[in-house]
Amino acid sequence: MVEVGLWGALIPLAGNQPRVQVEARDIRELLRKLVEAHPGLQEPFDEGVAVVIDGTVYRDDWSRTLPDGAEVFVMRRLAGG
Amino acid sequence: MGFDPSYQDRKFNAVGTRPKRPDGIDKVTGRARYGADFNMPGQLVARVLRSPHAHARITSIDTSRAEALKGVKAVVTAADMPDLTGGKRSAFAILSNCMARDKVFYDGHAVAAVAAIDARTARAALKLIDVTYDVLPHVVDVDAAMAADAPLLHDNVFTRGVDPRPETSSNVAARSEFGHGDVAAGFAAAEVVVERTYKTEQTHQGYIEPHACVASVNPDGTAELWVCTQGHFVFRQTCADLLGMDVSKLRVTSSEIGGGFGGKTHVWAEPVALALSRKAGRPVKLVMSRDEVFRASGPTSATSIDVRIGATSDGRITAADATLRYSSGPWADAWAETGAMTSFACYDLENVRTVGLEVLVNRPKSAAYRAPSAPMAAFAVESAVDELATRLGMDPVEFRIRNAASEGTRSSYGPVYGPIGIGPTLEAAQAHAHMQAPLGENQGRGMACGFWFNFGGQTCTDLNVNADGTVTLAVGTVDVGGARASLSLVAAEELGIAYDRVKAVVADTATLGYNDMTDGSRGTFSSSMATISAARNAIRVMRERAAMTWGIPVEDVVWEDGHARARTPGQGNQSLSIKDIAAKSGNTGGPIAGHSELVADGAGVSFATHICDVEVDPETGATRVVRYTVIQDAGKAVHPDYVEGQYQGGAAQGIGWALNEEYIYGADGRLQNPGFLDYRVPVCSDLPMIDTQILEIPNPNHPYGVRGVGETSIVPPLAAVANAVSNAAGVRLAHIPMSPPRILAALDQKG
Amino acid sequence: MLAEGGEKAFVLAGGTDLLVRMKSDDFDADLAVDIKSIDGMDSISESGGQFTIGAAVPCAAMGENAALTAAWPGVVEAANLIGSTQIQSRCTVAGNLCNASPAADSVPALVAAGAVAVVTGPDGTRNVDVADMPAGPGKTTLAPAEIVTAITLPARGDHGGDAYLRFIPRTEMDIAVVGAGVNLTLDAQGTITSARVSLGAVAPTVLLVDAAAAAITGTRLDDAALSALDTACAAACNPIDDKRGTVAFRKQVAGVLARRAARIAYDRAGGK
Amino acid sequence: MSAIAVSTTINGDDVEFLCNSDETLLDVLRDRLGMTGSKEGCGTGDCGACSTIVDGRVVCSCLVLGAEAEGRSIETIEGMADGAALHPLQTKFIEHAALQCGVCTPGFLVASKALLETNPDPSEEEIRFWLAGNLCRCTGYDKIVRAVQDAAREMREA
């Protein structure tokens, strides 16, 4: 079980919870279970999502595992310049 | 694959040296081919008809007179570019921006395009296209656009991120919020509070090379696109999506790129050129004029930002709050959200809240510009932090050190930081001779910090060992500032061969797998990771070939200094150089290559601290930058010259933004300064030498410790210059650019 | 040729304004007549202290002419402020005058210097004070088919000095937001016996400000005189708000520049 | 409109071309003669990327008509190296990393060459003001100025 922080725009779509508990081994499972629990998250995830694990931003590597007690945060996939 | 991207301490031979860049001779002799330097047989010339109105409904377009003009081969409008985006908002915005559909949303919005046998005919044809407009009220200012009675760009925009959904449409496309703690309680605990509203005007990336492409669509649907872009694979995907083409049939070649800075991460006219070529059945060259570049491509957001920060008298910040309003052009994007995330990222805050509002205005679609959205937020926050330090009677560097984020800090945008470099850049600034240098009359010093995320992404590299033992390295990230030199160094390092034995090229979309764009400071970070991986794969093959030659197990062959060597003493001192192995490759299993396809994640966030001295003429408000220092963490500087170049270039762009660059609109909503005469980028005589200090704190998520360096350098300058000007003038400047009339007015107000 | 060409006929000297206009979509030129190959147009000559600058002389060549620079440093400085090095190789003071921008850099300096334009047309040749040439933004008092063939500067005389300063946001490459030209003659004791003060970019045409000249004439440019000069210049301004500056800024800076230019001109004239 | 026949000298070679009356020298170089080393960054004389030398003076070729080339001597970036031997400025620009994207580089080199022919020992300030008509958006000019200083030093010592 990991505790996941959500970026601001997601909070209203996840029952107004800024942090949610998810049982997930890796990013792929995390995102799938988040959408299962909160279908409204599908659209923002489709527009682009990144997951921060212990301070490191992962935008594409969805096989990245979530270590026990990891600090996890779901963030919009941002553009660079 | 088994590739481990984690950092391993090592001694470098090639990396960290400063050899000549491989594309240098082509570029100093004029042989390098940029977007407009390429031609195809039978090529037509395209020109685009653009809206003279800031906001209007298109009631009719009649292209028949233009089509009838001798020499005109195709005319396209939105009718030739049907909506295939399937309801995807961001894609529809790109399509609508490339060619106006029922409405034009800004001065310069494309309405129709012509392909003709020469420029003169194309220009004449534009005058024969009859467009009737129903002109609508417009709004260009970000604050005015939020007023209750502001003209609405769309009637179906209900602010996203607000619960419950608003019942009326507005120009505020989205709201986002970040933060933690109890901000009200934090302010209650504060002994000193500063509060101010800041404004920044819209700026352009100002790349010297206008957008240019040559598109050629064949009757069988195969197509080629030659284009100056930061991401030819992404352009291929976007153009194929918008025009309903097979990705495999569209081959995109990135030309040498004459500057991008984010502005060439977006498609502008490329789909139009392809549509014209498809219709005309001939190659089409489309080159934007400078006027078009300013009016219809790339500007960053104009902003209006409220900042409030409170602290105790011993210099500890107790609460921070910011509301950031960013113009996004006619369509929603996430620019304010990004600004809201970056604004307080440098600090360790118990109570913080940031709100971002995406505001629609009748200006060109806002685009990425080097650490997009961060410089404006940093300007507001770092100005406020400076003001707070002054109010507290504290040294601005010391105050920042006391409040700086560090490993384990919960960032203002949510996640907790790993090891980060803000502290070391501040300490380096504190120790820098620049901080102690005396100031002259009417001079002031300012400093500021900056943050940027940095990204990695999908990356693909081929490393081919040629028969003579030289190496051709094919990369898929566009080289915007010397990356081919850096990546050649990395290949040389990993293979243990000389730098000049490696030739790096940027491959086209048909010859290499998919690569994300060169954006997010990812070019050298990502492609060096892929190059290391590809080189290791090639080394494995070469060890196998040596083992085969010697008839020993591959495990007994090691790779050292460009040679395969037998490890076990009983096997003698056998050694084969890369050249020996390559020469025999035909007899040992065929060509030798190493490939790599990976996701380079873990770029790691980036910080910088800048110091700036200015002199302000008290009678005219003219500002001269007299000294400038950039301190930034590079993780590991692969080619230090080009790391310094990124630092200096970002600083120069930031100085221009701070002092003179701005989009100026008339009351009619038309851009008044679409040219380099009155859009005032810094010229050579405006700037001093720009000193740099490269810190090297290894990035744990890269084998060599490399960190992206391209963007962060533009984040601190707006605030560093503003703090310096405010100190020199004795009055706080809160509106960027600090042009002479604004400074003189502030001086007069001070009295 | 120009007479036959009518309204869409233009003179091409350096081309640094004309070519920019030719590229704009709402400008049509049917005829451009290149005057650079006409005899005498491309040289600077001196006779009895008076200088004649041919209409096709690039501004860079003015700076290379030691005698002209010594006699009229303000005029040469102003001419050399127009655009970049590249523009300097092409642009001309006659073109700068005929383009009739209120912000033209060389014109205030020429006006302060009392320069005269030599005008040739179908009806012969006439001399026109440069001050009388601009009629408004983009308009001159030239009759159809008349062209400027040369600019003449009077003999400098003893105890004289001129200067031109302009304000731009950057250090180079901008159009003047305000320009000020000052031309002084002193007596042996350093008292100003005659003065001409001109301002650019603060009105539809370059201004010759008599009140500003009066404010310093008879003085040795003491602080009170400088202050009066500043006030007179600010009062003479009739500027607009535009992308380059505000009304308030232009009025304020006009006085500042006039003061600073006056100091330089005074020093050059030998005043102490 | 009938084309104008022009005879000129480019990089020491006799060249003849036809052009329209409204075509610029830059258009002629790039589109008619295939000399794309001169770049069009603005078309209005504000960026210097199209710098060429006409009869010894550096100009923006976007502000010169093709027809004006008649009888003149024109030097472009393509003629700067002497065969395989680079001009010292070219060498120093590479050595000092004075280019990133490189699109402004031809203009800077041509303008710098004109500077050093006029003034073999320019101060930093003189270099900066001479080159103020050449825009570079990548480098912040620092390494460009250093490259010109170093090339000037080497050329003086040669």
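Per-chain residue numbering starts at 1, and chain names A, B, C and D are given in the order in which the chains are listed.
Keep this in mind: a contact is a pair of C-beta atoms (placed from the backbone, for glycine too) under 8 Å apart; a residue touches a chain by one contact, two chains touch by 3 or more.
Quantities reported herein were computed from a predicted structural model and do not represent experimental measurements.
Chain nearest the geometric middle of the protein is B, using mean C-alpha positions. Taking C-D and B-D together, the pair of chains sharing more C-beta contacts is B-D. If you average the CA atoms of chain B and of chain D, the two centres end up 29 Å from each other. If you average the CA atoms of chain A and of chain D, the two centres end up 54 Å from each other.
In whole angstrom, the spacing between the mean C-alpha positions of chain B and chain C is 44.
Residue positions 171-173 of chain C are each in touch with at least two other chains.
Shared interface positions of chain D, defined as residues touching 2 or more other chains, are 22, 43-44, 46, 129, 131-134. Touching of two or more other chains is recorded for no residue of chain A. Chains touching one another, given as pairs, are A-B, B-C, B-D, C-D. Across the interface of their complex, chain D is touched by residues 12, 15-16, 19-20, 22-23, 29, 32, 34, 36, 58, 60, 83-87, 89-90, 171-173 of chain C. Residues 21-22, 24, 43-46, 48, 51, 54, 57-60, 62-65, 67-68, 111, 114-115, 129-134 of chain D are the ones touching chain C in the complex. Within the complex formed with chain D, the residues of chain B that make contact are 18, 20-21, 23-25, 27-34, 36-37, 120, 205-210, 256-261, 287, 289-290, 480-482, 641-642, 644-645, 648-649, 651-653, 675-677, 681-687, 689-690.
Residues 25, 167, 169-175, 177, 242-246, 248-249, 252-253, 256-257 of chain C are the ones that touch chain B when the two sit in their complex. Partner chain C is touched in their complex by these residues of chain B: 123, 126-127, 619-622, 624, 659-660, 664, 672-673, 676-678, 680, 682-686, 739-741, 744-745, 748.
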